[in-house]
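What follows is a set of structures to go through.
Look at the two complexes coming up: subunit A is in both, with subunit B in one and subunit C in the other.
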Partner chain A sequence: MSEVKIINLTKSIEGKYILSNVSIELEEGEFLSLLGPSGCGKTTLLNAIAGIVAIDSGEIFFGNIDVTNTPTNKRKATIVFQDYALFPHMTVYDNIAFGLKMKKLSKEIIKKEVMELLEVIELSDKINNYPKELSGGQKQRVAIARAIAIKPMVLLLDEPFSGLDNSLKNTMHKFIMNITKKYSITTIMVTHDKNEAFKMSNKIAIMLNGEIKQIDYSKDIYKNISDIKVVEFLEEFNIIKGKIINNNLVTQIGSFEIKEKQNKYLVFKYDQVHIKYSKDKNEMVAEIIEKYYMGNYTTYILMYNMERIQINIADDKFDVGDKVNIEIKDYKII
Partner chain B sequence: MGGRSIKKIESKYRPYILLIPFIIFIILMLGSTSMIEQSLGYNNQEGISSITFKYYEEIIFTKVFLESIVYTIYISVVPTLISLIVGIYMGIAVHFNIKRKNRLNNIIQIPIIIPYTVYIFCIILILMQTGIVSRSVMNLNIIDTANDFPLLIYDKFGVGIIMVYVLKQVPFVYFIIISSLSNMDRKYIDVALNLGSSKIQVLREIVLPYLRNSIMTAFFIVFAFNFGSFEAPFLLGNPKYNTLPVLSYKYFISSDIDKRSYSMVINTIMIIAVVILLHIYIKYNERKNRRNYEKR
Partner chain C sequence: MKKDKIITKFIISLFFMICILPLIIISLFMFVDKWVYPNIFPSTYTLKYLLSVIQSKELPKAMITSIIVAVMSAVISVIISYPTGKALAHYNFKGKHVISILILIPLIVSPLVLVSSSHINLIKYNLHSTLLGVSLIHTIFILPYTIRIFNDRFEEIGVEYELQGYTLGGNVISTFFLVTLPLLRVSVMLSFSLGVIISLGQYLTTLIIGGGRVMTISIILVPYIQYSEYQLASIYSFILIALTIISYTLIAKLYKNHLEF
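Coming up: the complex of A and B.
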């Protein structure tokens, strides 16, 4: 049985759909990233799962329990907000202990649980500090400890790394991956950073305009990509539109066999193209019109038979104006 | 940044500004420079140039003075606490339950701008033994004569005085609370609920601690005002029970010149008490942890 099952969740505000028939299924301990641009409804979906935002229709199950109408304080889905929202008048200890105190557990049990979590988040020395005395990373660790202290069925993370610098982000990625694994917590994280999503999660749901366009295991996202909007969002693909003629997609850069009549785009990743200097003057060649050094790779923009193609390769020996042959290693027709 | 600095300045000087009516009262009634002199027996007009604490000794251990202190504290603390409880409840209830509160706030604002004297006479007309309530009750044959109606003004418990203070000060507390809550980030409440709190627990653990500084501010301001207020106890109080300002006034208008010095002693003591209170308030303000609850 799935640990989290969301069926056709819909939410609209003033006639505009914020969430449209959203469905998600997760097994226990799975880590799902909700990936999408700003304003696509990711945070609303997270708040709806937490029970903070009311939904118009749909169902939410945690295990075999229907929690659709369960208030947030009884739902067992704890959320960590983007700015952590640690209670400023409480110490680190009291923040982490908050949910346990609300359950009216004994002081001894609360102390034991909190001390164990403080060990895990490596902040035992900050037990009596107030949130304003903590760094961004420390605040985040406290917020996560506070959320998992009550042993939720689902942990919800709303853009948890947006306020952190890159080096701290990497540390916190590992911390969250380790802690969710250690406690085997089913986790849903909202992010607009695809690298973060691929690095941390075993499942990714790509959300656009309130709809989940694709949900897959991380390793299968590129393999199973089938929606041109998703391709556009990922910003890693050349998209060449073609015409269907006799079971072939005819584009400016060649003709490709198709399986389904509705397919009309040739897509291939920027790093799935080889180029080499053209020796045959009669051969159709591409011309490099722009070149950018990107650190560990070089981006070339080519014009090939009126189509603009982007290539990311390690080789930086080519220059603007060079004529080159191109070879597409892997492509999809969608 | 600019707005925050102005707010800080406003917050720093607010108690002083709000104490101006009390200070003006003292200055106008007695004359600040000669008051302390006279309390110490120094009176150039009478040719007395030596300083003595005899008036202090003579007045501060008398029954009338001690009773007046107790009555002043009672008449200051009780309406302060009632106003705080009602004002906080109203502020929280309105903030969390009413979305469009501008019109309601305008109505609640009205009592603040009505002068105390108007309230006092309204209370007299409504609550005195021949007042509106008494006559209505008589017409309903619940009581036979006006004398059967309980004494609610000029009574020893100061019911009328307390009612005037409460009616005037509840809206004041309400506005302090509502403006403070409007700066509170709703997220803290969502987090507390999400972590399993009931609404009562949210109120106790999150909302009231957040309001603590505003409540303390409201307490100090309202208490200081009630402590030094003159017109309500003078017009609605039982002649046997005098607050310190009323007792001071009675000594001041006495034909016995010595009793004037008692009045000066009482005024000096009131000033010292208010300055001590102000000092406590300022120290509290300095000490309190300014935690960042505000919306980001």
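Coming up: the complex of A and C.
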């Protein structure tokens, strides 16, 4: 049975759909990233799951319990906000103990659980500190510990790394991955950073304009890509529009056999193109018009028969003005 | 640099003239027997005015009445300002802008107009010449400030702390007492103090609504000024200042450990 099941969730404000027929299914311990641009409805969806935002229609199940109309405090879904919302008037201990106190557990049990969590997050020495005395990473660890202390059925993370610098981000990525794995917590994280999403989650849902355009295991996202809007959002693909003529997609860079009539785009990743110097002067060749060093790879922009093509390769021997042959190693027609 | 020094000296002098000098004069006047022009300082001093006030029967009564009215006004203001400030800060609704302006009316419209119109209603509900009636009228003049205090604080803290409380299993009551109220301590404290200060200083409203039966310090004080009884006026003014300082100190002490939030 699924741990979290969301069926056709819809939410509109003043006639505009913020969430449109959103459906998600997650098994226990799965980590889903809601990936999408700002304003696509990710946070609204997270708030709807937590019960903070009322929905127009749809159903939410945690296990076999319908929580669609369950009040926020009884849902067993805990959210960690972007700026952590640690209670400033409480110590680290009291912050983590808050949810346990709400459960009316005995003082001894609360102490035991909090101390155990403090050890896990390696902040036992900060037990009596106030949030203002903690660093960004420490605050986040306390917020995560506070959230998982109540053993939620689903942990909701709203852009948890947006306020951290890169080195701390990497540490916190590992910390959250480890802790959610250790406690086998089903987690839904909102992010607009695709690297973060691919690194941390085993499932990714790509949200655009209030709709989930694609939901898949992380490793299958590129393999199963089928929506041109998703391709555009990922910003890693060349998109070449063509015309369908006799079961073929005819583009400026060649003709490709198609299976479905409605397919009209040839897409291929920037790193799935191979180039070499053109020797045959009569052959149709591409010209390099721009070149950028990106550190561990070089980006070339080529013009090929009026089409602009971007490639990312390790080889930096080519220069602007060079004529090259191109070979597309892997492509999709969608 | 020289210009800055001149400005600083000017500001300090102005502060002295406005805030300190009147206090010195009041303090002196409490003990003055004779102070005639053109003497810079009084020629003779006496304790008779101070003793007469201390021994008077109306002082303790007026002090208690003033404190009761001030505390009631302050408490009512805090109770009204909390939901109003929250609604204005966190919710969007039709007429929000109009309400924000309406709240400021007691600061814009003449107090006499407001008191006269409220008078009819207070008579209707038998609240005229009562402590509660006077407190309610004082509340009208406190609310523009206290609602603003709560509104600003709610805007500052946002909704996340409260929502976090709910997602961690807190119900409305526990979240209010354990999360929201501690975060609003400074607002409660400031609003309460301001309520007490404004209420203690109300003369005209107390006179009209109190109908001469609700005797506060202000009601005793103002006639002394009108009849040039400066010694007695100074003593009552001093008591008024002392009450204000005491009320602020008490409430500040109550929240001493939480001032930083």
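Throughout what follows, the second predicted complex is superposed on the first by the 334 of 334 C-alpha atoms of A that agree within 3 Å, B and C clash if a C-alpha of one lies under 4 Å from a C-alpha of the other, contacts with A are read in each partner's own complex, and residues count from 1 in each chain.
Keep this in mind: a residue touches a chain if its C-beta (ideal position, glycine included) is under 8 Å from a C-beta of that chain, and two chains touch if they have at least 3 such contacts.
Keep in mind it's a predicted model, so treat the numbers as computed, not measured.
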Fit or clash - subunit C, subunit B, common subunit A: clash
Which superposed partner A:Thr251 touches (first subunit B, second subunit C, both, neither): neither
Subunit B versus subunit C as contact partner of A:Gln138, first or second or both or neither: neither
Touched partner set for A:Ile79, first subunit B, second subunit C, both or neither: both
Touched partner set for A:Asn238, first subunit B, second subunit C, both or neither: neither
First, second, both or neither for A:Thr186, with subunit B first and subunit C second: neither
Touched partner set for A:Phe98, first subunit B, second subunit C, both or neither: both
Contact residues common to both interfaces of subunit A (with subunit B and with subunit C): 50-52, 71-75, 77-79, 81, 83, 85, 87-89, 98-99, 102-103, 146-147, 150
Contact set on subunit A toward subunit C in their complex: 50-52, 71-75, 77-79, 81, 83, 85, 87-89, 98-99, 102-103, 146-147, 150
Parts of subunit A lying in touch with subunit B, wherever the complex brings them together: 50-52, 71-75, 77-79, 81, 83, 85, 87-89, 98-99, 101-103, 130, 132, 146-147, 150
Subunit C - residues contacting subunit A, complex: 160-161, 163-171, 174-175, 178-179, 182-183, 185, 258, 261
Touching residues on subunit B, where the partner in the complex is subunit A: 185, 187-188, 190-198, 201, 205-206, 209-210, 289, 291-293, 296
